[in-house]
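Structures for review follow.
Here chain A shows up in two complexes: once beside chain B, once beside chain C.
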Partner chain A sequence: MLQLVADGFVIGSVIALGAIGVTLVYSILQFANFAHGELLTWGAYLAWTVLVGITAVAGPIMPLGPFSFGWSLLASLVVAALATAALALLLDRVLFRRLRRRGSAITLIMASFGAALVLRNLLQFAYGAVPEYYSREIQVALRLVPRHVLGGLRITPDQLFVLGLTAFTVVALHVFLTRTTLGKAMRATSLNPQLARVTGIDVDGVIRATWIIGGVLAAVAGVFSGLTVQLWPQLGLDLLLPLFAAAILGGIGSVYGAVAGGFIVGLAESLSVPLIGAEYRAATAFAALIAILLVRPTGLFGERP
Partner chain B sequence: MPDLVGLLSYATFFLVFASVFAIIVLGLNLQWGFTGLFNVGVAGFVAVGAYTSALLTGPEYPGQVGGFGLPVVVGWLGAMAASGLAALVVGVAALRLRHDYLAITTFGIAVIFQLVALNAQPLTGGPFGLQFVPKPLADAIPGNLAWNAAYLLTVAVLLGVVYAALERLVRSPWGRVLRAVREDEIAAESLGKRAFRLRLQAFVIGCMIMGLGGALYAHFVGYIAPEDFLPILTFQLWTMLIVGGSGNNRGAILGAVVVWALWTLSGGLLREIVPAQHQARAATLQVVLIGLMLMAILLVRPRGLLGEDAVVSRHARSVSPKPDVPTSPS
Partner chain C sequence: MTAALRVEALEAGYEPGLPIVRGASLTVAAGEIFAVLGPNGAGKSTLIKAVAGLVPVFAGRVALLGRDITGRAAHRLAHEGLGFVPQTENVFVNLTVADNLDLAASILKVPRRQRLDALYALFPDLARQRKLLAGRLSGGQRQMLAVARALVGAPKVLILDEPSAGLSPKLVGLVFEKLADVRTGGVTIVLVEQNVKAALAIADRAAVLVEGRERIVGTGPDLARDPQVAALYLGHRGGGA
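And now, the complex of A and B:
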């Protein structure tokens, strides 16, 4: 039981970070971005590429303390986050910005659907369909709770790292959105784009910031997923439904809602495994989505349907 | 003349697939072209139709439900009913909300159907799928080519029926209200039209047509597996509609033929020039090409090859010959 909760929080971290990007793009750019999952995949693979590069140049890097990875993965994470943000900006420049000028919201969704397939297949072309790992070190799971208390709890240092860095990222984002001018401008644009433009907010700058934040968080989430599970070209596609479920559950436009939704979906997926089997865990996200649409379509923290 | 026979059988093959896709795209056109409903789970509804018909008509598989051995026509009707039912469930949940929610929900339902197809071994046969989907009248018509030609004829007739029915539907008062709802829901509702109910009807009918397409596919190929209904299928069908011209039923059929031709040609070309061990990898490039094509069409010619007619009612055409009469408030 405790173990399932802990696992739920780990997968919930990945979903929460990805869902923040989905909800920001959805509320500021007004469309559901089906290509967001691919940003996770690309982030994960870019980090893997940099990691392989570092290892090739500097030789094998000793793992840091109890973790399965060394400083090289942290460096790769930073590079991949920047590169994924650049990829998101590029996608906006060549595709979404042009369509935004005259197309409807649905044209944007359709284009994002096409972009997702192109990105995924390019990746599969470049890397092949075989799963990869950041590290093949074997980790000793720490026993935090003995077995006789609610089934006990074992957790690997990598999972603790994921939880810790997620908490740090969410707090940093909170500070950014509440204390900086750009953050406030983003929240204003998300609440009412027209009014924001009228009051002189640089909406183009806000849009750029949205893609950068979405891209960075997607890369971090992708690396987390690669670190705790594995890397493969469908990583983002598999996470897309939970991402949308989390964003809608939390309420579109609400960053905190997306985080809460991410953890709820993660926990629901994890806790449902003993009931319905691991192969149907994606169905839990879908059930949560349908339930929230029927009961409260504005989500837990949202105001707009 | 073995070459001629080969060519003929290739042409029948191509045309059967193109016609099946055209039927599915016609269903999609009713949803997107005429009603503005964005269905991202087309492959899921096609799969429901294919599996339903295969189970209703199929032989008994060891350790599996099914084996009802019903006539193929019953299978086709069952396929339409099952896909329509699935559409009803999705539609009731999502159609009251903004269009993005329908996109996300249909995406989700396609994922779920894929999961069920892969994992519900006793029902769907799991990853290996259903291997013995009966070919209708296979005993009565000897020879592969003759049977393929007969099947082509059947599918072509059904395509004609679906086309004629949809043309009647969209030109009827019902079809005109659909467009009104698509263009301005608030105005339509203020005139007493029930937008939600209309959208639900269009969505369910469209999905029933998709289910029929799936069943036609299953009985032609003779076996179905989960990998036949991946998101790439949805994407191909969407590209067909957008290239052909959404909101135009002839455009939908034209798009199905054109995009399927491009797809088979590019596939054949890749098979020719790429060595065997790299073919799986090269196949991903094919998807990239089609994806770029869709994005380019959206950017350059969003109305597709054949755009939507500005006038839908034949009465409007015959009664008001003046071309300068504006028909839409755009």
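And now, the complex of A and C:
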């Protein structure tokens, strides 16, 4: 039982970080970006590319303490986060910004489907369909709770790293949104873009910040997924529906809702495995979504009528 | 003397080739209250939104204190001395009264404490309710907050889109009294109004807009007596529409 909860939090970390990007783009730009899952895949593969490059130049890097990875993965994560933010900005520049000026929300949604196809196939063309790994080191899971207590709990140092960095990222984002001028400007813009403009907020700047934050978090989520499972070109596609389920059940537009939704979906997926088997666990995300929307149609943290 | 706001042969609208404002020209002197009146669909709101950078300008020129601001983005104008109060959804309802004003102060980078103290002195009701969510304010208080928010950056010109909309006559009186106080503080006020009687009572001068351009311009008392103005409002609807 405890083990399933811990696994759920690890899966939930990836979903929560990805769902934050989905919900931020929705709240500021008013459209559902179905290409967001591909940002996770690109982030994961960009980090892998940098990692391979560092290893080729500097030779094999020793793992840091109990982890399966060395400093090279952390450096790769930083580079991939920046590059994924740049990719998100580029996508907005060449596609979404033009359509925002002329098209409707449905045009943007359809364009995001197209962008997702292009990004996924480009990646598959470049990297092939064979799964990759950041590290092939074998990790010994730490036993945190003995087996006789609720089935016990074992967790790998990499999983602890994922949980810790997710917690840090969520707290940092909370501080950013509530304490900084740009964060408050983002909240104001999501509520009322026209009023934000006449209040002096540069909405185009807010939109750029939204893509940057969404891109960075997508890359982190992609690397976490690659670190705890594996890398493959369908990574983002597999996560897309859980990301949207998390964003919607948390209350689309709410960052805190996306985080809560991410963990709820992760837990629902993990806890359902012994009941219905791993094949159908993705369906439990939608069962959780429907159950919550029946009770609270705007989602857990939804504020809009 | 330099006009606070000058609009020359302005054409503006939402769709290229379909202007709603069609060649409007207005001159607002510094320190005056200027009302823009007109029947529904005359282009009043579009005119002031075009001035405030919220609606595309197709032709003509807008000058703020002698500087050309034609087509400039709304957020830049907020930094350059133009305050704007939209007709509806004019406060951030999910933020407290204090956060609404703090946000404007932090964006506009004005000396926060001093400016906010001055605003709370001007709007004592808001000072008492600074911790209340803006969405919980009454219609009149919300309008006061909207005006206060637009004043945070100490604008030279304050433009309001139908500040009396949805308010009881008593509250309209209170809001307009406050606008008179704001003008006394040296701010030029331009307001679009459907409530002709209340607007002409407070305005130094006014323009009646018809089909996207000014038809009559004159002082408040002159327009209040002008039979053409009443005729334009379809039969003496001076008490508000």
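Criterion: the second predicted complex is superposed on the first by the 298 of 305 C-alpha atoms of A that agree within 3 Å, B and C clash if a C-alpha of one lies under 4 Å from a C-alpha of the other, contacts with A are read in each partner's own complex, and residues count from 1 in each chain.
Rule of thumb we're sticking to: a contact is a pair of C-beta atoms (placed from the backbone, for glycine too) under 8 Å apart; a residue touches a chain by one contact, two chains touch by 3 or more.
What you see is a predicted model, and the numbers here were worked out from it, not measured in a lab.
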Touched partner set for A:10, first chain B, second chain C, both or neither: neither
Which superposed partner A:297 touches (first chain B, second chain C, both, neither): first
Which of chain B and chain C A:80 touches, first, second, both or neither: neither
Touched partner set for A:185, first chain B, second chain C, both or neither: second
Touching partner for A:202 - first (chain B), second (chain C), both, neither: second
Contact residues of chain A, present in both the chain B and the chain C interface: none
Residues of chain C defined as touching chain A within the complex: 52-54, 73-75, 77-79, 83-86, 89-95, 99, 103-104, 106-108, 149-150, 153
Residue ranges of chain A touching chain B (in the complex, touch as defined): 26, 31-32, 34, 95, 98-99, 103, 105-107, 109-111, 113-115, 117-118, 121-122, 124-125, 128-129, 237, 240-241, 244-245, 248, 277, 279-280, 282-283, 285-286, 289-290, 293-294, 297, 305
Residues of chain B that touch chain A when the two form their complex: 36, 38, 40, 93-94, 96-101, 103-105, 107-109, 111-112, 115, 118-119, 231-232, 235, 238-239, 242, 280-282, 284-285, 287-288, 290-292, 294-295, 298-299, 302
Complex contacts: residues of chain A adjacent to chain C: 181, 184-185, 187-188, 191-192, 194-203, 303
